[in-house]
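A, B, C and D are the chain letters, set down in written order, and residue numbers restart from 1 in every chain.
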Amino acid sequence: MNAPDNALLTRQQLYRDMDPHHLTPLWEVLHALVPPRPATPCVPAHWKYGEVRPFLMRAGEAITAEEAVRRVLILENPALRGQSAITQSLYAGLQLILPGEIAPAHRHTQSALRFIVEGSGAWTAVDGERTSMHPGDFIITPSWTWHDHGSEADGPVVWLDGLDIPMIRFFDAGFAENSQAKSQQVTRGEGTSFARYGHNMAPVRHEAPFGATSPIFSYPYERSREALDRLERDAPVDAYDGVKLRYVNPLTGGSPMPTMATFMQKLPAGFDGQGWRQTDGAVYSVVEGTGSVDIEWGGQRRRFEFGPRDHFVVPSWHTARLASQAGCVLFSFSDRPVQQALAIHREERLS
Amino acid sequence: MNAPDNALLTRQQLYRDMDPHHLTPLWEVLHALVPPRPATPCVPAHWKYGEVRPFLMRAGEAITAEEAVRRVLILENPALRGQSAITQSLYAGLQLILPGEIAPAHRHTQSALRFIVEGSGAWTAVDGERTSMHPGDFIITPSWTWHDHGSEADGPVVWLDGLDIPMIRFFDAGFAENSQAKSQQVTRGEGTSFARYGHNMAPVRHEAPFGATSPIFSYPYERSREALDRLERDAPVDAYDGVKLRYVNPLTGGSPMPTMATFMQKLPAGFDGQGWRQTDGAVYSVVEGTGSVDIEWGGQRRRFEFGPRDHFVVPSWHTARLASQAGCVLFSFSDRPVQQALAIHREERLS
Amino acid sequence: MNAPDNALLTRQQLYRDMDPHHLTPLWEVLHALVPPRPATPCVPAHWKYGEVRPFLMRAGEAITAEEAVRRVLILENPALRGQSAITQSLYAGLQLILPGEIAPAHRHTQSALRFIVEGSGAWTAVDGERTSMHPGDFIITPSWTWHDHGSEADGPVVWLDGLDIPMIRFFDAGFAENSQAKSQQVTRGEGTSFARYGHNMAPVRHEAPFGATSPIFSYPYERSREALDRLERDAPVDAYDGVKLRYVNPLTGGSPMPTMATFMQKLPAGFDGQGWRQTDGAVYSVVEGTGSVDIEWGGQRRRFEFGPRDHFVVPSWHTARLASQAGCVLFSFSDRPVQQALAIHREERLS
Amino acid sequence: MNAPDNALLTRQQLYRDMDPHHLTPLWEVLHALVPPRPATPCVPAHWKYGEVRPFLMRAGEAITAEEAVRRVLILENPALRGQSAITQSLYAGLQLILPGEIAPAHRHTQSALRFIVEGSGAWTAVDGERTSMHPGDFIITPSWTWHDHGSEADGPVVWLDGLDIPMIRFFDAGFAENSQAKSQQVTRGEGTSFARYGHNMAPVRHEAPFGATSPIFSYPYERSREALDRLERDAPVDAYDGVKLRYVNPLTGGSPMPTMATFMQKLPAGFDGQGWRQTDGAVYSVVEGTGSVDIEWGGQRRRFEFGPRDHFVVPSWHTARLASQAGCVLFSFSDRPVQQALAIHREERLS
């Protein structure tokens, strides 16, 4: 037995001896703990609405909204099965509500976004104020506010739920309560919050009603779309993003929720974008039109051809390129505000 | 000669001796320097539009916009004549522009607000983007941006100018430049800034284009009025203010300009408000309707009965009470954000 | 077979059918995803210095600092073995450096704190400035700054490393680089950063040199201890914390690093504290003296009797009570600033 | 009479007619209101301590501290006589307190700084905590806090008072109260505030005790001087400022008071500085050593040769150059934080 082997044996013995004391050597794992660049376990994935919708409708038959509390099919990242996560930090699911149903009132630490995918006539209620849902609307449920959903529609209504569930679990900071009442009492007219804060004005005397979270519950598609159309016509189109806006909390200029950033972008007809990568993995919901995304990482490559109501995920530090023959509109969300608060966010635009 | 007289003489001799050295005794003026409560030199004043308008029209005949550079009648506080000030820190004037005229391009450190009083069809241009003016619109010119005004209207257009001129003079920090070109070249479609920032969204990649000043140039009356109407119907009416909103910089939630706060409020029909006082003297422009304001200070009292397009000023720490039989809408502005930055703002609501 | 069984079968069939599409039913896991209160997998743990030190010394014989890059024994939470984590979001380890050794220069996204446990005469260098280490000093390495360590001491020097490694891994945002040079060139005298920013003063012209991270590298124990002694004498002692101060970034008043808060507290002799719980699990290093901590959760209870240089961890939402017969000084750190940025931090003081 | 004369007469008539309505034409004064660059009425001035001190001592005989309330000789700008102002926005005076005297307790909206010029053994008390004064110490009295001064010294103690009196008067926002008690009761040991906030640490549970104002009352010269000496030795000397630090509020990194910035700088022996100008006029107090300042504006030029305890003022946008043969230390203050809050501050370094 030679010297190096001896050294190795000495170390192995040390590892064994200290293991019961909950001690472990850094030098055996340092490279993995401090990698040269992000090495996410997540993979790109694409959920075609044509394939997902039948399962949603079967779920509508298999369980009621009330029994399910929330009748949602979770979009699980194929590499994170069993973790209810679409990226390491984010949860995404498609929720179905049928005519006359109620998804009962509860509240939790987790913040939620709703992006309406199909159907009109459902509503969500937050702290006593109802908001109607229309396709393309972006609606929020601030952390720790009572909320319930219901539908007076003729047919099914489906929306994308985006939550920070994995983040709150990671930080061990989640609380939740169920309400005694199935549905909250309505105490304010619909649109009151928007009238107070949505028009570049605010009450003279007020505190931010939901702290770091936006005081308006709904960002209607009508206005977002109008802004994108306007800018497509009058301002230069970005070579990477087309025309892209981020939603803001009108009291701070920051993201609508402290844990998630949300975006709406339009790719003009004929758009053939350049590649970029960023440390915040992003979840996309296709609002209108068709297009494609090319994703590259570590020598691998995937291409998704997407159509209306499809969903897909681009993981951290994967290079993505968007393109559209006929033009399209995309909603997306990520954990960017958290990465910015931690001062760790990076992005790179490739030429 | 007795002892006190002797002491007095000693002091007087000291004062005379040190005066050439630019020294003066605090104890002779302390009470005035540090008063128990604000003792503003300003007085309440009221400019009835019916009385002011004829002078504006005569000014329109007496001088061209181009020769005047800005054809404005300054609303001077009766107690501050010759200082071009409506309160100690603020300037207000009514500007007239006639069909086909141009008020030539310049820029200055001073921030300006425009509140449209009469006529449609004029425009203001800021940094290459024109904005159309309609009665009730609130429009801003950020500090140090090139701006010019013009009119394609059929008749006269009049607006209220509110500027921080006395403040910038007080802090000895004013700069100004005239442009070579009479009128700026238009480089962006009208409404581009509003499309970028006005819909509770913002560009993904941007810096605040005007620093602490709002990136949108115009807050259209249509939307402000809609918000007030909505809240009058659905939310409790404040006993002092009726329904009152402040305009916000959508990137910060703060005031549209760092030096001036702006407000729009609606007094419902039959409103008989309670009294309040605040350290920021405020300038009001009556948008619609009629009403009255009672102002009390130091045992004195004034009452102004106001109608559409009238202007009035409530000085610092004067108690004011608003009332309206038929309902009315009021625009107002003050130096509140400065007082808040200096941590000296106070207000008191009297029961 | 009866109806409920039928429904169950229908659901099971649905789950099986949609599984290949990366879809999974929320309602089967909702309760675990949105728990009524934090249910951390972490457990309380205690590392007695007398037990850990021999392993550190054996590590000093088994591997050089240069070969190890960082010769550290990781304090692994007994319930998170293999994850290099002491809480879900934090990493802690004890680093040993022997006379004459160099731990070579590298940089990484992860922020690091060093809390000196034993020995004087080692140094750490950040961006060209060396800082000497003394027991009780709290020293930081800002994210993405070059750093190396070395020792001119006579004997072993040991410090606690606290890093946000699990957090950066969770957010998939880690980058790292090794330097060509083993040790950085010294370009500034020791103490220059402290002279610039450490005395409640700052350079007139400067940008925050490390963004959200403190511009001073070292918080010497001498001064922290002086503050605690002073307050123990002159100010009321808190029934839960004794005398407790948080370290601040002197340019913001916030935590020294965006990802970790750090604290120093003194329990006066005879202190018998009341219980509290908080959502940020905390890691403690005993600076001087002896004492005990009682930890309760879910009907379980642990008591640790601690002495100088011991380390222990109190997980999220576990009730803790501190006591000390003879008095003691404790350093601690947690992920509180992140929880505050996410607006999810909670704490509760039990009476 | 020709046409222009006619036009002139028309205008004059208009001016006369509208004058009783408190209306005045902007175009006659526009240039003065919006000047191309700052045209301050202030002039440079220099108060030699050898000339001022005898008047202070005569004041000590002519009036007691108690009768005077504050026995201060105001340093009045020669161009602003009668306004109790050294620049348009700032007040400065030299206060004398004799052995055994008390300057009785009061409080006011105005913020005050004290910079100790001569003598040790006096104290100031703020909110129940006394602070001892030593030459070179910078001490603050936050807005609206009770404060009184006294002396247990053997001889006279003199300090510079810097206040925002003209600013608070300009904004009509001043309040004041006298205390029933001549001197406040001491409720905290001296140095408690510094122990809490002065060592780059802060209490775990606290609100900023004085809002935007620094929670520490004293910045001792010993530490400021140590920082300057250290930087003179180890860091590059600035060609304009020598070695210059600004005092900071340790809870924000901003200025110690919202209305005034304060600075301490050292000119090394042989320093011959370059010229600069800034919109904030600055008041200087010479701590140690001798030197000179050259001031230029509008074709004029002044040179002041200064020695210990001298004071001088450099007005807005006047070019200044500092020099020192033997080295010197200067304290200074200005209204810079206000100008920064208003986004109007400018400075220019001339090459």
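Some points to look at:
In this section, a residue touches a chain if its C-beta (ideal position, glycine included) is under 8 Å from a C-beta of that chain, and two chains touch if they have at least 3 such contacts.
Keep in mind that what you see is a predicted model, and the values were worked out from it rather than measured.
Touching subunit A and subunit B at once is no chain at all. For the pair subunit A and subunit D, chains touching both partners: B, C.
For the interfaces C-D and B-D, the C-beta contact count is higher for B-D. Among the remaining chains, the Cα-based centre furthest from that of subunit B is the centre of C.
For this pair, subunit B with subunit C, the centres built from the Cα atoms lie 52 Å apart. Taking the mean of the C-alpha atoms as each chain's centre, subunit B and subunit D sit 30 Å apart. Averaged C-alpha coordinates give centres for subunit C and subunit D that are 43 Å from one another. Judged by the touch criterion defined above, the protein chains form a single closed ring in which each chain touches exactly two others. By the contact rule set out at the top, the touching chain pairs are A-B, A-C, B-D, C-D. The touching residues of subunit B, counted against subunit D in their complex, run 7, 10-11, 14, 17-18, 21-27, 29-30, 33-40, 42, 45, 47, 51-52, 55, 58-59, 61-63, 67-78, 81, 84, 87-89, 91, 93, 106, 108-110, 143, 164-165, 167-177, 211-213, 258-259, 279-281, 315-317, 335, 338-339, 341-346.
Of all the residues in subunit A, the ones that touch subunit B in their complex are 188-189, 191-192, 195-196, 198-205, 214, 216, 219, 223-224, 226-227, 230-231, 233-235, 238, 241, 244-253, 263-264.
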